[in-house]
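My questions will all concern the structure given below.
Every chain is named by a letter (A, B, C, D and E) in the order it is written, and numbering of its residues begins at 1.
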Amino acid sequence: MKRSSQAVAGTALDRLTLGHGKRARLWRLLYGHGPRNGTLVVLPLDQGLEHGPADFFPHPPAVDPDYQFRLAIEGNYSAIALGIGLAEKYMRDYAGRVPLILKLNGKTNIPDDTQATSPAIASVEDAVRLGADAVGYTIYVGSPRQDDELRRYREVRQDCERLGMPLVMWSYPRGAGIDAKGGKNTLYAQDYAARVALELGADIVKLHEPQENNADVPMPYRTLKENAAARTQRVVRSAGRTLVLFSGGEKNDDDAAVLRKVRFYMDSGATGVMFGRNMWLRPFDQAVALSRAVHKIMTKYLR
Amino acid sequence: MKRSSQAVAGTALDRLTLGHGKRARLWRLLYGHGPRNGTLVVLPLDQGLEHGPADFFPHPPAVDPDYQFRLAIEGNYSAIALGIGLAEKYMRDYAGRVPLILKLNGKTNIPDDTQATSPAIASVEDAVRLGADAVGYTIYVGSPRQDDELRRYREVRQDCERLGMPLVMWSYPRGAGIDAKGGKNTLYAQDYAARVALELGADIVKLHEPQENNADVPMPYRTLKENAAARTQRVVRSAGRTLVLFSGGEKNDDDAAVLRKVRFYMDSGATGVMFGRNMWLRPFDQAVALSRAVHKIMTKYLR
Amino acid sequence: MKRSSQAVAGTALDRLTLGHGKRARLWRLLYGHGPRNGTLVVLPLDQGLEHGPADFFPHPPAVDPDYQFRLAIEGNYSAIALGIGLAEKYMRDYAGRVPLILKLNGKTNIPDDTQATSPAIASVEDAVRLGADAVGYTIYVGSPRQDDELRRYREVRQDCERLGMPLVMWSYPRGAGIDAKGGKNTLYAQDYAARVALELGADIVKLHEPQENNADVPMPYRTLKENAAARTQRVVRSAGRTLVLFSGGEKNDDDAAVLRKVRFYMDSGATGVMFGRNMWLRPFDQAVALSRAVHKIMTKYLR
Amino acid sequence: MKRSSQAVAGTALDRLTLGHGKRARLWRLLYGHGPRNGTLVVLPLDQGLEHGPADFFPHPPAVDPDYQFRLAIEGNYSAIALGIGLAEKYMRDYAGRVPLILKLNGKTNIPDDTQATSPAIASVEDAVRLGADAVGYTIYVGSPRQDDELRRYREVRQDCERLGMPLVMWSYPRGAGIDAKGGKNTLYAQDYAARVALELGADIVKLHEPQENNADVPMPYRTLKENAAARTQRVVRSAGRTLVLFSGGEKNDDDAAVLRKVRFYMDSGATGVMFGRNMWLRPFDQAVALSRAVHKIMTKYLR
Amino acid sequence: MKRSSQAVAGTALDRLTLGHGKRARLWRLLYGHGPRNGTLVVLPLDQGLEHGPADFFPHPPAVDPDYQFRLAIEGNYSAIALGIGLAEKYMRDYAGRVPLILKLNGKTNIPDDTQATSPAIASVEDAVRLGADAVGYTIYVGSPRQDDELRRYREVRQDCERLGMPLVMWSYPRGAGIDAKGGKNTLYAQDYAARVALELGADIVKLHEPQENNADVPMPYRTLKENAAARTQRVVRSAGRTLVLFSGGEKNDDDAAVLRKVRFYMDSGATGVMFGRNMWLRPFDQAVALSRAVHKIMTKYLR
């Protein structure tokens, strides 16, 4: 089920005060590509920088970025998300056919994450020049270097405002403080990450499914007893009017489980999912088939 | 009792040399909204970023910023104080109906506060663009990183000067030095914080009620024996011509106690109070009723 | 004895190559106010920020900056020296009647001074806007952070050059290195501080009276045997063409001793004195009387 | 075998979207000088800064940069790569005869490399002024200071984009993290370095031949059993559309071994080699003769 | 023996590609003042900042910068080298009569040198404004903070390029790394410092005479057996087309020894010497006489 282009009234877009540029680009992501009904299915390819080429080992053809571009087109994704190097060198034949989310910052995982921070390698103006429909920006929520992180984020947000560019935040709890408070995937951490994205003005936030809290998380989370659905709904609620994408996570060979998880996220109020390794580490035809099955589910969630 | 718009002569505003923009905006806060007699009742909502969503747990509807906006309107607050993300995404239906104090800086509480510093996430120009009537800025008085704090503050102050924007300082003693000297809520700490706000040129300062000094504070505070009223008056005096708001603190279910505290602050010479959790963690109708009771008290304190 | 306005030839001003703006402002300080004979008596009020309100405890009326402004006028001071907050909020009724030295940087004394650095809270342009006749700037000579200190100083000096603004340097030895070399008030420390002010291009330098050297100072100071007069003259000589002000120090109830010290400084070749707590912690009439006695002495030292 | 100037169709250049300036300069490197068939033989001279004059001890005449310039001309190199000081003072007689790759950053090896970072000493605008056909930039992949490294790199990349300047990345794994993960020359390290160059948008990357992995490298590299050819091909593949140059390494007196290595690199898919000490530490005539033998090999690898 | 103004052909200047401004200023230093034959005798006065007034103790009149200015004129020096404060306040009567090398950076020696860095206190534009013929800039070669040092240097070099200002580098090995590798005056350290000046694009470099290497220096220096002349020649050779000045060192009362050293430096290929304390700690007439004896030697070394 797809919304007509007139159907923005009553949607998430409609509740927001957006300039023309941001509105046009968000419309393109939500209603112009992918499921075209206000939901999002995004294909990210930043693992080569974030984790190194090892991530491609299970399926060697994936080392060639053409593979992901072809999948994004064939699988009718809402957008492909990648950095400046890959965009510059591989997008020529695909430009315009699939929206680009240009990831502005990134880092290798060679040093450890206790003082995590992600430097910007590209700018919002690069995104404009490349015809991107959004920028991606990682914030390491609660890092000991949060002051530097947030100050640099501010410039990106202001450039987005000035240039009408939607901002997708990878809101990742990380650093020594988070480790001491139970780790990065607890409800405590993901709930805070969701709210931070809202408070910082992100248009869309990428989160991970919140796990059960453990003994190390702060009160009152420590005593909270909520099932997976309640936890995930809570996180979506904390993000408020910032649209939520959940990570598709690492590769899972059980297709049915993957699809169940998609339904679970959408039932929790999310706007969509972001599928990386769990999609492009499959043989091309299987990846396309699974992408289509995901789209079929998304059509039921008019947003 | 309300002052007419001509009644600025003889007020706090009148003692100051203010450009047109700052004067117009301060007038709006002091005489155009809220009690309209030179006092202030401000509703802040920055806890989602500063403390995380846990602050909303006692009253779940408060997680939706609409709740606080509605309360600010219904409770006839002088202003609502919040950050860029919430202002951008939730203010549309309320713009103009309640003045906005845009908080420019903020941080999570995940790392500890020994080296506390608060990064700016928005600018004075953002405040102008959003139609704000003041900006809020947190200074961690005495932090080991005070040099960085003060340098960045300077830019904000100069932008405020240039753009005619009143500056509300959250003047918070914090960091290893303060911990070693008795902690953040002693008379020593709050008295210094009040004077710092004056010396740095804040128009309005938010402080906490000074507690009795303990054995760790420096001399001559250590030997000072003053009751609560004397301590609070001292702090207001140290702030000089900078108007003082006292924090309403955490939730207190005893309404009468809350109102007694308001009278206590106003009797000490304060210009007003800032009520966050102590107000918006109540059911809506109770919060509105208590807000009105506060206003009733304020009408007796013509400023 | 006062110089006529034509009498600049042969004075300290005459030995220097100064642009029109700097010359006009220095003339106002040296010959247009205060003793008007080339000497200086300056009233500083930065203790509220540097030490906290505790400095006002011995004489509570001094917490209101009006007190110092009134004293500066009644006591016919060459200038009042204070920061941006006090200047903005209290100078209206006194503007033009007493020259302003706007102190650009400052800090609290809550963290310790081993890594001392003083951040700028205002700019030379602020000083111009406020009609100041000089700016004040603190350098912590020999601090482990001297590279940062000096780089930031450079911008201030260049703005002074560009805008014709005299620069008064608070040249304060401070930090772990100085502590290891005998402390901040030795002849070694003050002599170096005097020379640093000259080398950095200050127009006027505020110093403290050099104490006898101790066993920890470097050679050849350690073996130097000089009396108080010789020490003070040495420091003045090291400052070269940079005019020297000595600090009046903490409150001393013995008026005659205060006046003896003034004569001692002037006999050593200094251009003047800077009197803070030693003046404004007295009852108003006593402070005015003592100020006049100081002026009487100054008239004998035509500069 | 040389391509005619029309023969860009079907080459590496043809797969990329390049502005006129970058295309013209890359064409000059690949088809206008050196083997002129899409391969590259580059002569670098940055060892005087990176290692000190000790590198010239085995062949003293090499301390005079004229030696390398003459060799670059006589040996018909694709380009000479050196820093601003040598370019400014020695290029006059050779300008235009051999393309210049201006190395923008560099450092001494006096401090150790655990926190390695390479400061820029020149800018892309310097390269334009000097008529360079590319800039060289070193990234210490995985350094604890990677955030600073990448942020500064971004400015260089953006200047290259703006000014049409090809960017050659010296992609060097370095720092405490790499040391803990097996060291800088393992397949793990070089493979990651190759991908980082691609992700960051380098046009050409300089790498070292990957050595066999050892027990300290992360999984799955630790269990990988690949011969030298497979390892080198893997690295070239990870670099994608970024052209790969392999380092000629330290001096090797066995000419036949040097030439075998060149063939080995070219068979692995590399675009060329970078020969420094292994070439200019030989007597001039021998160096020219060996250079010609290398060129002869390159003619067989049309790119 | 002096070169006529036409005689630049065949000189050091002639080998370089210089813009008009740099060429004119270098000509003034090499052929317009001092020996006027391409050699240099420079009088530096930066010890008051670098070491404190203690350096003037052996000869108290030297504390007055007029002393050095008079000596520079009477002794017919090629240039006087000093910082912004002394230039601003003392140069009026001497401007134009002796060229000025404005030292842009400097520091006190109160903190230790393990992390040595020298902040810029003045700019190349200050030098232009003051009519200087060159700027002086200290680089602490091999300091742990070399990345910061080199980045800041870059701006100075680029300003010199833009404004046609010759750059004299005080190339001083310093910091924990150098201490661990044998210290700052070994051949290893001075040889590296000479090359760094060349690589960084200095026009003139100030070095110290290299001492014999000790057991701590790196290979191959550790095994090098060279006499003083060979060591000094090696250093001059490593500096390439960057002109070398050797430091005259601390005061030596044996005039004949001083003159022998001058001959020794010039025989090694140096362009000149820089004489500070060794000259201005002498009584004025002796200093002038010795300066003339030095000039007499220089006339034999046409450059």
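Definition applied: contacts are C-beta pairs under 8 Å (C-beta built on N, C-alpha and C of every residue); 3 or more make two chains touch, one makes a residue touch a chain.
The structure displayed is predicted, hence computed values, not measured ones.
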Original post:
What is the graph distance from subunit A to subunit E, where chains are linked when they touch?
Top reply: 2
Subject >> Touching both subunit C and subunit D (chains) >> reply: E
Subject >> Rotational angle, Cα trace of subunit D fitted to subunit E, multiple of 5° >> reply: 70
Original post:
So subunit C and subunit E: same face meeting same face, with over half the numbers shared, or different?
Top reply: different
Original post:
How big is the gap, in whole Å, between where the Cα atoms of subunit A centre and where those of subunit B centre?
Top reply: 36
Subject >> For subunit B paired with subunit D, centre-to-centre distance based on mean C-alpha positions, whole Å >> reply: 58
**OP:** Going through subunit C residue by residue, note those that touch at least 2 other chains and give them in order.
**Re:** none
Original post:
Starting from subunit D and stepping next to subunit E, in what order do the chains sit around the ring?
Top reply: D, E, C, B, A
Subject >> Of subunit A, residues touching subunit D in the complex >> reply: 46, 48-49, 52-54, 57, 63-65, 83-86, 88-92, 106-108, 110-112, 117-123, 126
Subject >> Residues of subunit A that touch subunit B when the two form their complex >> reply: 15-17, 141-144, 146-151, 153-154, 157-158, 161, 173, 175-178, 181, 188, 191-192, 194-202, 218-221, 234, 237-238, 240-242
